[in-house]
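Two complexes are shown next, each including subunit A; its partner changes from subunit B in the first to subunit C in the second.
Coming up: the complex of A and B.
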């Protein structure tokens, strides 16, 4: 009798803990507004959650709400409603989900999203952020603060960029003091940043474990799941403690030999936003071939913690400034290519899979060039496929599966004959 | 005329170039009438090999390509370089190389600009500046560095926070980064006194263009939108000294031209601030009975009236941009979009608004929703048309425009 095929391992304690945190978060939001706590809307890239929370705001991240809607298959009605209001087919799916949802009253399967009292636009790597927040400001008439984050063109932050950001942060704090009538508490911010730092270090340790062979983590599909605390709850005690639970389970996976892809065959670097409406289906296309992502760029949209940055309580505003520069899509293409090249090298990847998003130009414009460079300049097998992060109408499962099957099949054949190169792209 | 080596290697050009200009641009200096100027302008625009740049660089001078919508061209000029406004490939460039690196669902201007680079037609340029006006423009810079490896590329971060006291110092620092790149690209060393001279020259050019557009608004029967557009478009392609002379002749001729009124409606043209519609489409808008009394075409010369030349010219240049009242899709609104569109309609005494947006231009498309809502509330009629650079069939657009005009005329 043939031996039983090993089952994929999932984190259990961490998953349950995260579920509790998510439920608690949305439950708190549903009761926010009104007399309880004011609500600030914020974007994931370059967000100022530590400062805003220190003034007693609840924080809503409409991008996270949008992806949660998509993964629960309820994004399409919101998108269609936004289209009925005039937003075209070519507009970002996150924007349409959110603006449609707002017009429909904010009710989601995971709770009601309260309207904003304050809009904080951290313009970090995505121009659509500006347009989105303008539309929300127009609808709600509440204050909009624009944190203009310079685009990263050098490997290290430049002094003039930090100075520009710190000045804006001080202006933001003055605005918060005016709105809330509360004084800024620097000591409290330092404590919050210390909790952020602890969470960030735990997150970095988790991501680094993808270097093991076989990988004890799935650095795209699984990591995306565990991004919630690092992006949404950063600075809180629960987020600070959470990654210890995660990493304990990851260590147990290694000790017990239980892996998310039990028979690891291909180690991938994945670039791009996931197709949230077909998340599970897309993941299955990988698992079928024993393909595991060992590193991915998308989990870094909230910050490149794995590349040496952690919030520093000793330099509170300066380190928040540095953080806001570090959103993945705020990096120039030469920097993005360098990051991907180092992932290929450091995580000993066999290939790169790029998932382009039809309505996200920030991430996607230039991914074809990346593919071309990886293949022709560096000999890295690379597949580019395209759908959408929010809109289920653009996910063509048969076509995507065919292309992925053909790609993995050719990788399989190639592995038998030619050693795969590992170079810095 | 012999084709350049770059052209011979090009597979995507519909027709070979035909325009060979003299190094001193005598053709434009001799063009005595608006008719002659606009005829020449059409030839320049329909030739994707950048005839003005080829003429300029033939004598060893450098040119810098500036992607829309704003670059401090005064600064580039002061360093002895010709700032050239890039507006894509227009109607004559077929995309056969640029689709793959850029991906689908992107605007024509990004693709045709990259196509021109990948087929060697941008070889005469020494440098390219891509301002951060949208994610595509920003990303294009990183792609260009491979397509044109011998040229310098720079992504210019224009501030989006117009309230901060740090915005002007930051923009000055940004300009210093640009200066460093341009000096490496063969520009003369930056000298404040040269920048003052350039600012004064550009101030005169802006004043002439302001007068041209004021005439278009107050006496729309004096010159057509197409004429105004072609004259303005040359302002980003010719040496500014040559353009300024030409504008003087235009002003003189307009002074003597009759204001031939026709039965037309006064409209605002909104949304074409980056990618430009074809000349046929611009013509069509007037043919069906519209006087375009305000537009967003070619913002280049209209960000501000003038820059103060005295004092620190670099700081003045930065401060003037930051304080510009221009409110278009790629500049965070200092006020609400609703207030902005209503104010513009009132100021131009417009009877309706035509939204003419490039396909896949997300900033323009998102604004249109807010504008439409504001116009609905005031019962101001509008029409939304989308275009691409290589749009050829306008029957549908003609029908929509005619219906729009008639609905206002016979209301």
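Coming up: the complex of A and C.
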């Protein structure tokens, strides 16, 4: 067998940088907590990272800790522990991973997760958030701030909704001043937002490159890695610099003809949270068929920046309000369908793949109907498959592979192809 | 004349169909064990024996079913979804929808006029509503599954049986037996439960005649009748209904030898 060719250096820079950033983040976190470097827990959708950081808080996103646990195959003990405490089978896996982990002392293979000094719940589309944060507040007895984000039924944010949120943000700032004894520094927030905006623009450019044929990016599996800075490190120079590196790499991929799948056969739009415990296996089911995701909704859970929204230092609180409204899970189903429809058109997709989460009642609820509507409205082949984002017990590789093989096989047949040789199967 | 073989390794049985000049000239069906590679070999050998043909005469072997990659001696592998579509179209060219109820899964496949898959839906990991479900419930009634096909005739008050879990259904059947319910009513209740589960899968892809019912469960008359009652029209059931996947696989192989995809 010929030895595998080493990857060209330009293909590993961004990936290595991403790994370093994640390691750095968790190693910094391990020593955080207490009055000097207080810790705020936040949810990804509609988060208030910039405000919290401007008060010197370190930020923990338990959803991201949970997905990191799952991808590293350590989520199950946490889940089982939470179940032993009475959390049922159908409770969201993120919640069970987090609460189990908290009870077990917060140690993960990537570092210790410090307990919260402040809980910030951005209630943006998922009602589970509220109960989860209440459980944490009960356990830790720390302040809990509830940001009530109105559900988005119109494509544009309404003035009343923005005003409602700005009022809450002012209350939040007053609370932060009280907790930290520091005064709010508007100039500092504007600077932070300017850095966020730069990172967001870089992220948007990266996502747009999926329109290129063949796609130089994997807009689901790869973007999920690259969304870490946009969610966790927004407002820092590190995030903005990272996307500059990524986009340089994307340009090199195009110039050198290096694509995520060597021969792009199917361009997909992907919807849904990934099955993190079997991430690589699931990805392989796509690659084997020359299928590449050209656009995906999930990497936008932290913000729909690709649809024209960027934080605006000139309108700090208003733009944070608009940002919170724009969380993907906070969009009504007609809006979600519209977004997916536009991805199908703009990214010239051949098919849609929906991955539903057994234990999710918010992001996932409605995806069965979504499948039918996409087929009906766009005539686009759409496959729905289901497992879990956290719980490895729900991932049945043979069944999932079988459905995906049958789906890709039928797409292939429409192009007049004959069956696959066994050797490649 | 090209002799082609399709080998369908399912969750409970291995089937083989040999085709020549558009006709099924040999077939075999046997339960699968733990050694799927050997089961696949045996399926082909038995079908050849039935046809009185030799292994070397077979031009192409195509594997299908969950164990399709275990058909090591085969040249091609196609999912059972594609093969059921193709096989049903071969037996009943006006098929628009295939309902296949096998040992451990149920699938509804929408097919186009060429027998190509347009859309499909499958049951979840649970075996409720599949052949296995029927086996378990027949046993709880004290019958073998092969005996219950016509038994539901004359049912007057079908009972309600949960249709979401095999284990629950089995204990429900046992409790109905203990309460002295007429086995015909229990069976009719079971069939109604399986059919309503299947219908929800069928509706996901769109119900449109002709419907071709395949797989082991389609051999059960009570099931066929219940399905027809709910649909309001007759469904196609072939005497070869358990071989539809294998036939489809053989047809794919034939296409390949002829270099067409028609």
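To be clear about the criterion, the second predicted complex is superposed on the first by the 400 of 425 C-alpha atoms of A that agree within 3 Å, B and C clash if a C-alpha of one lies under 4 Å from a C-alpha of the other, contacts with A are read in each partner's own complex, and residues count from 1 in each chain.
What we mean here is this: contacts are C-beta pairs under 8 Å (C-beta built on N, C-alpha and C of every residue); 3 or more make two chains touch, one makes a residue touch a chain.
Since the model is a prediction, treat every value here as computed from it, not as a measurement.
Once chain A of one complex is fitted onto chain A of the other, the partner contacts of A:49 are absent, as it touches neither subunit B nor subunit C. More subunit A residues lie in contact with B than with the other chain of the pair subunit B and subunit C. By the touch criterion defined above, A:334 reaches subunit B but does not reach subunit C.
Of the two partner chains, subunit C is the only one that A:381 touches; subunit B does not reach it.
Residue contacts after overlaying the shared chain place A:410 against subunit C, while subunit B stays out of touching range. In the overlay built on the shared chain, the residue A:137 is in contact with subunit B alone; subunit C does not reach it.
Contacts of A:372 after superposition on the shared chain: both subunit B and subunit C are touched. In the overlay built on the shared chain, the residue A:163 is in contact with subunit B alone; subunit C does not reach it.
In the superposition on chain A, A:148 makes contact with subunit B only, not with subunit C. On subunit A, the surface patch touched by subunit B in one complex and by subunit C in the other comprises residues 368, 372, 386.
Residues of subunit A touching subunit C in their complex: 368, 372, 375, 381, 386, 396, 398-399, 402-403, 405-407, 409-410, 413-414, 416-422, 425.
Interface residues of subunit B facing subunit A in the complex, by the touch rule stated above, are 99-106, 110, 132-136, 138-143, 145-146, 155, 157, 159-161, 163-167, 169-170, 173-174, 329-330, 332-333, 336-338, 359-360, 362-363, 365-370, 372-373. Across the interface of their complex, subunit A is touched by residues 62-63, 66, 68-69, 71-72, 74-82, 116-120, 122, 124-125, 204, 252-253, 255-256, 259, 261 of subunit C. Those residues of subunit A that touch subunit B in the shared complex are 85-88, 90-92, 95, 123, 126-128, 130-132, 134-135, 137-138, 146-148, 150-151, 153, 158, 160-161, 163-164, 167-168, 171, 332-334, 336, 356, 358-359, 361-362, 364-369, 372-373, 386.
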